[in-house]
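The following pair of complexes shares a single chain, chain A, combined with chain B in the former and chain C in the latter.
Let's turn to the complex of A and B:
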């Protein structure tokens, strides 16, 4: 898989969904030993120290960690955005639908975005452009796949999609601007747009963190249902463990650019194997009470090697 | 315990005529000396408007705010302003990037003319060590500090003028979970040691459960439920409160049981 297949990205400019399944393991996204560093004024800073992660078709995978742990840069590499940054040095393999991302050029990577992979950002209101109507932006998304789509047809399709995310009056919303709508409404629109072209991978970077707790719960439920209908796999990036537990099938815990624990959600949450994961979980205040957690935010055993839950006997150390 | 702050029939209406928004509706409540009172509700429920009125940032449309039994005028004197301090959500935007940490903390002392120059420097060092920071950090700029350190600076600034009442507006929601736990612990310790009173504004109910003595639940500008923390979580009276509590994402089996018990009660009624 790590072999560089020249020409494998030849026809990625066209948008045929799922026609490129050449991966022997059947993984939709396969990241192996990914390293990332940035050249800066003060020298070279290593950010990722060999991340391996894989997502199967339709699977919901969470990447959990603190700010600065490398979650969002991983997402940016998958999207092919960081490859455009001159100061970034990326090594390792990222394979999406069997294509080696490093063999693609900028326009081929661009062709994947919005069609076969899409993204939901943390703050829905800043993710939408305030000077264009929702309808205009939605049309743009739909035309990523069908360039000849007429404005009327695009509006009809957009209204249909907005209806699926329980937006009561789609026609009015399409003519509105993002700042005229509530945060929860904007987040629904973003979800509808992200899934409009039935991508095979959705990257959600802290969705709902900017929303309050009831709206966040509704948004997650909606995302959960929507990805199930579209059979979309999700890379879910978050630092909120409660949200991850409710959303993901599989969890990767990242600490300072290294994966420290991975496994099925239930087994990670029921028997966390790594000291850092245990600290993270213990640090969450419980709604049932028990006082404010007393946790050190630094410990030598946070640097222990990765703990994997994957062997048939649950919780066996790798 | 006597009331340090009492709100009586407080209203706030923005705009007038048909486009008027009634942001806070007839709110009356007492904050007892030394307690941590949580104000919870969704965005737009009037939490921050209420805090702004208490701080004197915006005038109330009607009703009165009493501090230690004395009504506060719309136009606050220095003494009034000194009495109530604020810690905001995002320390990156609440701290002036061009001012050193020490200068930010000292600003209140300068404005309220507390002590002489040497006293003020000594006080800055003392409050910085109170919040668990190295006093040497006072020469640094906020940009050189981590998120948790910055929020500690914001807390130190609120403590510097020896105010008894501190309004905390989502003080930990911009922080990571490990850092949040440390900052919450610090806030709790400071309150006990210094006899502070907190008005803790948040939408994170799991934080509320562990830090607050009493909880005031707001919905659409009105105070819908007001009870001590144990009572509120164990037998919430309002559907709205139940919905808020059961929307909290949970981790442990114990919490799952708690939530399903809550939800089943909701369906029965």
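Let's turn to the complex of A and C:
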């Protein structure tokens, strides 16, 4: 399906020249020197201090860091959502499929979402709208690509897709509401929805953290298999190194808005270069398979390693 | 029994109990206030025998409990007694005057929904911007004065200083419209008289707006507040992440869940219009139930007072019932109260 959707979109044709040439690396997503700050009543707060990150087609890349380090804002910039926030000041390059995101207007960015990139959130049950049936929400997603899809055809397609995520009785699930289903079931639905339009990039922001650990492990395995069959690249956001190790090809470690370490998963885990990474790894019991407990979100004791290794960050926090 | 039917049955039961309570209360109060209804009805020249005869026929010489028994017995046959003011059955009077009031209240209700909700949606969608500030100012203005004050203001502004609308009445006297539903906006259309329809619509604009203004403001404020709360829900971020158009996210994905908590209060506001309509009717000389209600209270016309109050209460309860059903219809959690019901 992605074969007949080359580099740039139907309605973004005007921006593909030039930016195609610049993107010599051929990466699907290329972020260079991304800065972000928020204007607030108390002044200007910098959140990202020049992030660079790149994802190739079909590649699974993890962005790891503690809570508040700037993972979700990075995801929201890639999706083009944070650009709508008036208090946010964003500089730097974000190129997706060769298109410079900052040269697109709001509706051009919107056209990419749900079609060529999609998103999975923390808690599947609250990510589904409680007053619409699963079937309604799913068919709406399918209509993002094919507006004229008939109701019957959309339901058939949705049922088919639910079947691929091992949901045994799709017809019943399509008629249900999210609160009638288990968290694991909702997560399967979310995964199926996110991949329904065969996007080339999936952003998963701490997927299933709200689920219990065995269900989380199962659904992560499912996501792993599904992105492989769809050949979808993944930006996998997590603060759980154990999960990252199993899921990602490549790891970026983010600390207070800076990438402090990057590399192939294997090498980062075998010889972590940065003290922060080592500290993160020490904080996580190394368990293979599911069932990894979350680390504590508040980790103020990471100030020291950062000062010894990186440029000073004094004055960057409000 | 499905949850919705159970809900309906329970609400109907409660409504019935409330109606019985209201009837007792009004019955008691109407008899406690001073003045002899028979004497008032027959006038100062009536003889003692005449008065005694009327009192006997009205059961006024018996104990209040026996009187209430007679009242309930008649009521169960759909008989609210004879009005001493018009000398006609109270039910006939109400059937004549109620439609004008209902028409006014319904049009005001439609205005409240059709204007208040979109204002609230826009305000939430463009919160913090110019449109939001204007809408919030206007809705605050709307709720800040009661409807009869608005009635006077609108009449002065748009009927007196700027004579755009008529000052009083339901329709210009030159039209004679056969009463079928009692709703002039409908009867004129049934009669095929479009001119008369426009005339009736022209007459209802000011009183309906006067009645609706505070409801419009309230609905807009409520919708805005609930929409903004909904906006922080993950499913809205999800809708944004799927690239739906902002208008669609606001009008559908955020609006429907936001509507559920607003509806109860909007329903109460709507029902309160039944009471407020009395004052607006008085200002615009609207020939509805209010003129009748005031007249019968002054004449201590017991049957008519009780009948009027009961009808208003029943209308109030019916509105509440409809709102409850609407909420059940909008909120699947009420429709499917257990997990995995199917």
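Note that in this section the second predicted complex is superposed on the first by the 263 of 318 C-alpha atoms of A that agree within 3 Å, B and C clash if a C-alpha of one lies under 4 Å from a C-alpha of the other, contacts with A are read in each partner's own complex, and residues count from 1 in each chain.
Going forward, a residue touches a chain if its C-beta (ideal position, glycine included) is under 8 Å from a C-beta of that chain, and two chains touch if they have at least 3 such contacts.
Everything numeric here is computed off the predicted structure, so don't read it as measured data.
Legend: residue contacts after superposition of the two complexes on their common chain; A:215 is shown touching chain B, with no touch to chain C. When the two complexes are overlaid on their common chain A, residue A:240 makes contact with chain B while staying clear of chain C.
When the two complexes are overlaid on their common chain A, residue A:132 makes contact with chain C while staying clear of chain B. Touch criterion met: A:66 reaches chain B, while chain C stays clear of it.
Of the two partner chains placed around the shared chain by superposition, chain B is the only one that A:269 touches, whereas chain C remains out of contact. Judged by the document's definition of touching, no chain A residue lies at the interface with chain B and also at the interface with chain C.
Of all the residues in chain A, the ones that touch chain C in their complex are 79, 81, 110-115, 118-119, 121-123, 126-133, 140-141, 144, 172, 175-177, 179-181.
Those residues of chain B lying in contact with chain A across their complex are 42-44, 147-148, 176-182, 184-185, 188, 203-207, 209-211, 230, 233, 243-245, 247-252, 254-255, 258-259.
Here chain A touches chain B in the complex through residues 66-67, 182-183, 211-217, 239-243, 245-246, 269, 279-281, 283-295, 297, going by the rule given at the top. Residue ranges on chain C touching chain A, taken from their complex, read 233-235, 237-245, 253, 256-257, 260, 330-333, 336, 339-342.
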